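Scroll down for the structure; my scribbles are underneath it.
Every chain is named by a letter (A, B, C and D) in the order it is written, and numbering of its residues begins at 1.
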Amino acid sequence: MDIKITSKEYMEYIELVAKKIELNKDYVTELDSITGDGDHWVNMNMGFQRVLKDKESLASMKLSEMFQKVGMLIMSTVGGSSGVLYGSAYIKAAKVLGDETEMDINLLCEVLEAELNGIMERGKAKPGYKTMIDALYPAVTRFKESLEKGLDNHTALQELKQGAIDGMNSTKEMEAVKGRAYYQAQKGVGHIDPGAVTMCYQIEVLVDYLCK
Amino acid sequence: MDIKITSKEYMEYIELVAKKIELNKDYVTELDSITGDGDHWVNMNMGFQRVLKDKESLASMKLSEMFQKVGMLIMSTVGGSSGVLYGSAYIKAAKVLGDETEMDINLLCEVLEAELNGIMERGKAKPGYKTMIDALYPAVTRFKESLEKGLDNHTALQELKQGAIDGMNSTKEMEAVKGRAYYQAQKGVGHIDPGAVTMCYQIEVLVDYLCK
Amino acid sequence: MKKIINDPNDVVSEMLQGLVKAHPQLVYFDEVEVIAKKDKAEKVGLVSGGGSGHEPAHAGYVGKGMLDAAVAGNVFASPSPDRVLKGIQEANTGKGVLLIIKNYSGDIMNFDMAQELAGMEGIKVETVVVRDDVAVEDSTHSTGRRGIAGTVFVHKLAGAKAETGATLDEVKRVAEKTIANVRSMGMAMSPCVLPGVGKPGFLLGENEIEIGMGIHGEPGVEKTSIKTAAELAEILCDKILADYDVTGNEVALMVNGLGATPLMELYILNNEVEKKLSKHNIKIYKIFVGNYMTSLEMAGCSITLLKLDEELKELLDAKCDTPAMKV
Amino acid sequence: MKKIINDPNDVVSEMLQGLVKAHPQLVYFDEVEVIAKKDKAEKVGLVSGGGSGHEPAHAGYVGKGMLDAAVAGNVFASPSPDRVLKGIQEANTGKGVLLIIKNYSGDIMNFDMAQELAGMEGIKVETVVVRDDVAVEDSTHSTGRRGIAGTVFVHKLAGAKAETGATLDEVKRVAEKTIANVRSMGMAMSPCVLPGVGKPGFLLGENEIEIGMGIHGEPGVEKTSIKTAAELAEILCDKILADYDVTGNEVALMVNGLGATPLMELYILNNEVEKKLSKHNIKIYKIFVGNYMTSLEMAGCSITLLKLDEELKELLDAKCDTPAMKV
């Protein structure tokens, strides 16, 4: 199994993510209503729909250019924390893409790691704070370790996905440190973080797309 | 019956007026509540009580000086229309008093006429507008006519008093032209004007004091 | 009643004390509740005043290029003549004094009396009466039209004229011209509460507003349902223009808040009024947006149009420096 | 909901359009909701911004001697980085730009991102974060103290410094010093209504006020019964002085209204605050009373104290000319 992701393919993936998010309105909204201000689904949906609108032109761009542009689009469309956090992720990732026209699996790993760092730096947050980071961090870590260990692409990608799922679920028993959930009486304990859920969706969809 | 009113005597009269007004709180307040904003008794009471406070020094002043001062005291103490209307009346009257140290009946008539003019000019109002003028105007007119006809002092003073009473009662069926009562649905028709009532009190008390 | 006050009887004096602390170029005379400039220039003096509760009117307009003294009555009650007299005395430097009166019966009588008292002291006093509110022809507080936010333009233009060293007659002429050229129309969305009373003087339904309501809560012309900013601009401007057609002219515009209406809404309204006036081919020379003539914590607004010519434009642009208006 | 608006989604852009019509020396950039000066002087650029609903903050402080550009987010929501970037671009004349940020998580992230974007374009950008509100240590909108009315003093003093031709580092130092020296404490008496929501975000009882409430209606420190102006002055000042003892020092004082509180009440409060500070032997150099940092139609107030030294006094007295502050 060989991994070569072009801009065109990345946009196909984005389309699937957009669909996935669109379909999970009630669940995500409910989670953010419990732990935050209830707008996380609206934010994410607005952002990905906006990106989709420019699908054609984005698909024809250089990878780094496309990432930069996606970041800017999400950032300027979405209010709240997730807009600037995803914007930062994409723009940080754009930098590692350099002049490449396609991502192999190692570059994909670097891109995801850059996104993780982009979010952690922007949000001044770490794993364990009950945020989207808690889905992305274990996912990237396990993905990276698998590649370093020389595991095959398929296994490494499954590790990526399982890391996101486990990480997402781990937020359920966490106490929030950042964001609005922090100010809830229980700091959100007993509920999964909505940002971790939508982050997990994106990784699941990516892995499924690449492994299909 | 000879009429000679000094400053000291005028202040004795003022004391009786203040008492008369003090005793009629509920009736006057009720009338102004029906036709106006309900503060007429408070205004008048405050004004005359204030004048009383300076009784000693006022009683020792020259008549014109005393009238000027009473006008200023009422004016600065009382808000609303009646403060400036009575203030104007007294200050206008002060002018006709010149250097006199006592009022005879003719000077008293001139003084009352000056007060009437002071109020009419200040309020830009005439008889028939349903105001205090409707008590004072017929009172002064009948007083003056009696003196011109050469009637005796006692009769002339009774004409003054009856003019005020009849005038006051005549406001009951009038429609208001000036002041707040004007804006009542019925323009106050069916109710006596509170300003006419307190004006009538002052004249009654004056006549009773002089004829006692 | 939720108000930041102490004893309701003391609101006027405490407010004016608070004002002079923030504006040490002004001086406060207690008992008579007069605010005046500390530094007197030799020129025609300008005095205005009226009931309190309309802040920044009128004490906020005392300063270079506008008033020389402001006289405050109790809340919504005319100041008595002795108070006004003190204002006149403070404003007088020997060149005479112009009294700018809003057309309310109480103010008229009290200011007229003050003018006479000043006359006895040999001070030359002239008066002008502002009647800019086109809403109603008579009201619970006035015979004839009420004086509202347009009064601030009279302060500004007559003040600028006085600053040039003009005579009392010239200053009065400018004030009269401004009064002839100015029209206002307002609307209220919520009631105000007199400190001494403690409850609203009138009530409006949850979605109800009153077009033409006065700045003391006096009845207006119509209770109606809440409107968009565009509709309000239309209603208020149409009422003014029906009275005074300034099509093709240049105007100054004031979008005034009644006290509790946020600046955000006033700017949104301004945006609509400008569009509306443009449609009528009315050129707006200068716009003032803010709380210039208020009614305690009433929510609502008024629109004021002042027709300009070269003389008035120059006076409008003249420097002024007061707590509530700096040009 | 009674507001003078059209579509709740358009309040920000329509408000800013209304603002530039009233202040033609400013220019409005639509979509990005940026207000900037038309005439650019070659100097360090100053940019601030944040959620809308705090008018006149921040667009009202754009002008000579204060900000060069203000960036508006939706009501109570941070502007996105691309908007802030536009503000930076407009403010930049080659000498670098200082971003003045109020300490809210959303603002911090979005302004930081904008700083990076500007950096990519080769614009030198520094940031300062205002945290003047002593009420709470963390809040629903911030990690650490919130930034409120004290921000206006940062605009004023850093703006005055920039006007002298100082370098970015020097301007930043003044901003940091102002931030170090400024403290605020507020109180709310009635809720505000987000245009897009239509009903109050919180409720207060008929005689209830909330001490320390934030300018978005975030919880404060205590709900209590309505107090006199003297008691309020005591409570708010004591809380500030417990945090920052300026006894024996000179200060600038701001008595700020949250939007619906009449000027009369602010002046009465000012009178009490001045008395209270005098008792503590604190000398008040200058007082600002008005609606400087609001919260839509919330009723309430805040007190801000800025400790002064010779440098800050000079900068405070420097001329400035903006829609909401003229010195």
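Note that in this section a residue touches a chain if its C-beta (ideal position, glycine included) is under 8 Å from a C-beta of that chain, and two chains touch if they have at least 3 such contacts.
The model shown is predicted, which means the values in this text are computed figures rather than measured ones.
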{"item": "Neighbouring chains shared between chain A and chain D, ordered by label", "value": "none"}
{"item": "Number of steps on the shortest touching-chain route linking chain B and chain D", "value": "2"}
{"item": "Distance-maximising chain from chain D - centres being C-alpha averages", "value": "B"}
{"item": "Between chain B and chain A, distance of the C-alpha-averaged centres to the nearest whole Å", "value": "88"}
{"item": "Inter-chain centre distance, chain B versus chain C - centres from mean C-alpha coordinates, in Å", "value": "35"}
{"item": "Mean-CA-position distance for chain C and chain A (Å)", "value": "59"}
{"item": "Separation of chain C from chain D, taking each centre as the mean of its C-alpha atoms, in whole Å", "value": "29"}
{"item": "Contacts with 2+ other chains: residues of chain B", "value": "none"}
{"item": "Interface hub residues of chain D, defined as touching at least two other chains", "value": "none"}
{"item": "Chain contact graph, described as a line, ring, star, complete graph or other shape", "value": "line"}
{"item": "Complex contact set, residues of chain C against chain D", "value": "2-6, 11, 14-19, 21-22, 52-53, 55-56, 60, 189-190, 207, 209, 226, 228-230, 232, 255, 259-272, 274, 284, 287-289, 291, 294, 296-297, 299, 301, 326"}
{"item": "Chain A partner contacts - residues on chain D that touch it in the complex", "value": "73-74, 77-78, 80-83, 105-106, 109-110, 112-113, 116-117, 138-140, 143"}
{"item": "Contact set on chain B toward chain C in their complex", "value": "72, 75-81, 83-85, 87-88, 91, 122-123, 178-180, 182-183"}
